[in-house]
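Below: one structure in structure tokens.
Residue numbering begins at 1 within each chain, and the chains themselves are lettered A, B and C in the order written.
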Amino acid sequence: MSAALAGLLTDPHARTVLATTATLGASCGLAGTLLVLRRRALLGDAAGHATLPGIVGAGALSLSLGGTGREPWVLVTGAALGALAGIAVVHGIRRTTRLPADAAMAIALGSLFGLGTAMLSALQQVEGGHGAGLESLVTGDAATLVRADLHAAAAVAAACILLATALRDDLRALAFDEDFSRSVGRPAGWLDALVSALAIANIVAGMRAVGLVLSVALLVIPAAAARPWCRTMGGMMSLAAVIGAAGAVAGTVASAAIDDAPTGPFVVLACGALLATSLAIAPRVRVTAAGAAA
Amino acid sequence: MSSAITRILLTMAMAACAGMAASCGRADAADASRSGGDARERTVVATSTLCADLARTVCDGVPGTAVRGLMPAGVDPHLWRPTAGGARTLAGADVVVANGLRLEGRMADVLPKLARSGCTVFEASSAIPMDRWRTAEDAHGQADPHVWMDPSLWAQAAEGLAACMAREDPHHAALYAANAAAFAVRCERVAERVREAIATIPPERRLLVTAHDAFGYFGSAFGIEVRGVQGLSTESETGLANLRALLDEVVARGVPAVFVETSVPDRAVAALVEGARARGARLETGGTLHSDALGAPGSPAGDWEGMMLENARTIVKALGGDASGLGGVEAVP
Amino acid sequence: MTSCDGAIAIAIDALDVAYGARTVLRGATARIRAGTMTAVVGPNGAGKSTLLRAVMGMLPFSGSVRVLGGSIEACRTRVAYVPQRAAVDWDFPITVRQVAEMGVHARLGWFGLRGRRTRREAIEALKDVGLADLAGRPIGELSGGQQQRAFMARALAQRADLVLLDEPFASIDATTERDLLALLSGLRDRGTTVVVVHHDLGTVRERFDDAVLVRGTVVVHGAARDVMTDEWLARTYGDAPRAGKAPA
């Protein structure tokens, strides 16, 4: 394994792929902790799937205006708008019906992803076949990551670290006790929007590497793996970042050794293996001690 | 107030989706009705643009036969899924011309169903003897479907289609055969010209690297090694190990140019170029090739012959050979 | 410290609260004097918790609620609220000290690098409630009574002008209850207004200045010695016992 890693580190292209997936893994681990502790993991999944109609719509718009339909900033904007639309749909359903939260998220996820798939199919009928390029964003294409992708991932990671550190106490209070946070006048809506924005940024940055379907896995799995070992949110964010990065490195190295291995799914599998190991060997977390002697 | 807005937006979104689906179907249906007027008229529906070109060649000048292609120019046949309208067109066809060998990857169950329902399904690859099929080493037994890249094989496909059409329409059998024979002559000429041009490439540079493994038959027909970043099909993700191995080879052999394809996104090739340059090698994108799809009708690569020559021109020029024999005004580098 | 509006900390007029079709409070009117320790008593389901939550603006109501002379929105940082049982995720990775620190942040602000001061003040608050040696423990590892005390420490750390506590002694033994009542009395002596939903009517008579009796509305409010009489308690509790604990 170490020989394989050394081989990867001497090759500039492989270094770029490795650095990008590792950065994404760390960033997703950190932002994912906030998402998980705020109990919004399903919302992250809905937002991730909702990026598809946004991407395809933006690509189609670009094509109709004479562009290539694959400009990076077009796709990023489309993905972000799609994710926002997904979250808006969930909130809209919750406010106008009495459906529980998970039903609302499932509806948003399914219908928007279905819409995106239909739009993608329609786009593929159009001359130019550019639909093919957008399909790779659904499942990821990590082997073809380039330096521009690394820069984007680094920017997102930096933003996550900065914001999560600066607003750590506010976010912790909100996630732990929303009633208290509101009662002392904290802007819960804005803070939640920030957590969603960080999650969406990571989903968009991770699309090229692991695809939008698996991106929520990379957000949630490292955080879940870190949970049993940490007694504070700060510790959990840091450990989740480490686990995400480690899984990314392991998955990338493994995919580099096996022909035809898809890097994105291998990264997620490696993180999953770390989660399984963590849960197996971690000390059992005492759920609550309510009822025990004071 | 905002709940009302949300409801309006949701309704608009659903309406847009439904409208899109309906319009796809409507367009195909309108076209199909055009060709289905005369009761004696024979509808030939081809899947890929290359199959459509083959069908038009074989059916050229035959009265009462209408050829329709399903896929527009530039569409990747590995990933293409027919819409409801496309499926209706197929169902209304008398003869369906497909490539086979899983080129039309997402139509794997549609074609056998059509055959069972009484439609004549002709697969170009089945007109070619199996011993001429190429199997890629790492493709686990899957045969290479890109048979049109070898003129002699494509000529055999034309003959096979002519025989199939003759069974359908014995009245015009002679015409079909004549078309196929004329096409075979053109194939031979194309093969000669391309072979000569490829031979002018310096031997150490005779390595053709493209986005996916579409040029296997081209390589064996014209004496040039071929590599694809992705495998036989564009469906699967690029493997990091495959990309790295290719990168090693390209850098070691000092290949000057690699090629993108019209129907495949250029990410893989772009990554290859950046990776090679990061190692200090000089590598560029040598041009765009037509691999799985013809160009727009009327453009230089709008038919098979034009495509082959255009591809050869691009390859030979970029790898340092003499493309003057391929038509067009080329300067010797 | 008095509020802006004379000596009244909380003024409620014609307060109506309904959960869907069920009316919980109707026409509630009360005055809670600043700088007092006031008890809110009544049978189960009388609307005591609802009253506190309405004061905190945590649910919709009709009628008028003025807190410290104005609306609750204007003085949120000056009011501390300790719910009956916090609706939190007890598995959340947070330590007892960090819970208390939330109170400090509410007062000092949520940004900035006051790490050491925040920690110190949080430990002080924990000492007041007797939890200083459990400061580093995850909140989920504490007993119910200890968890209640942790949230009380958070409220203390806020150094609010008005503190509302909903059944704070529910899972706490008598000795600790006495100590905490002394603590709250100390707050009252320093000018804080303390409002406690409490079930032990005997303690209310002994230790509280004022009382508000609630049963679907405010039955009566005023000085404890005036309103904690058999007659008023009969009207509030129906046929429940007087002195001692209220029925379960």
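By definition in this document, a residue touches a chain if its C-beta (ideal position, glycine included) is under 8 Å from a C-beta of that chain, and two chains touch if they have at least 3 such contacts.
Computed from a predicted model, the values in this text were never measured in an experiment.
Q: Relative to chain A, which chain has the most distant C-alpha mean position?
A: Relative to chain A, the chain with the farthest C-alpha centre is C.
Q: Using CA atom means as chain centres, which chain is nearest the centre of all the protein shown?
A: A
Q: Taking each chain's centre as the mean position of its Cα atoms, how many Å separate chain A from chain B?
A: Between these chains, centre-to-centre, one finds 36 Å.
Q: Can you work out the whole-Å distance between the CA centroids of chain A and chain C?
A: So the centre of chain A lies 41 Å away from the centre of chain C.
Q: Counting only Cα atoms for the centres, state how far chain B is from chain C in Å.
A: Chain centroid spacing, chain B to chain C, equals 76 Å.
Q: Contact residues on chain B for chain A in the complex?
A: Checking each residue of chain B against chain A gives 2-3, 6-7, 9-10, 13, 17, 20-21, 24, 72-76, 79-81, 83, 138, 231, 234, 236-244, 247, 262-265, 267-268, 270-271, 274-275, 278-279, 293, 296.
Q: Quick one: which bits of chain C touch chain A in the complex? Just the residue numbers, please.
A: Going by the criterion above, the answer is residues 56, 58, 73, 76-77, 79, 81, 83, 86-95, 98-99, 101-102, 105-106, 110-111, 138, 140-147, 154, 158, 171-173, 176.
Q: If you look only at chain A, which of its residues touch chain C in the complex?
A: That would be residues 37, 39, 166-167, 169-170, 172-173, 175-177, 179-180, 182-186, 227, 230-233, 235-236, 285-294 of chain A.
Q: Quick one: which bits of chain A touch chain B in the complex? Just the residue numbers, please.
A: Answer in residue numbers: 11-14, 16-17, 70, 88-89, 91-92, 95-96, 115, 118-119, 121-122, 124-133, 135-136, 139-147, 252, 255-264.
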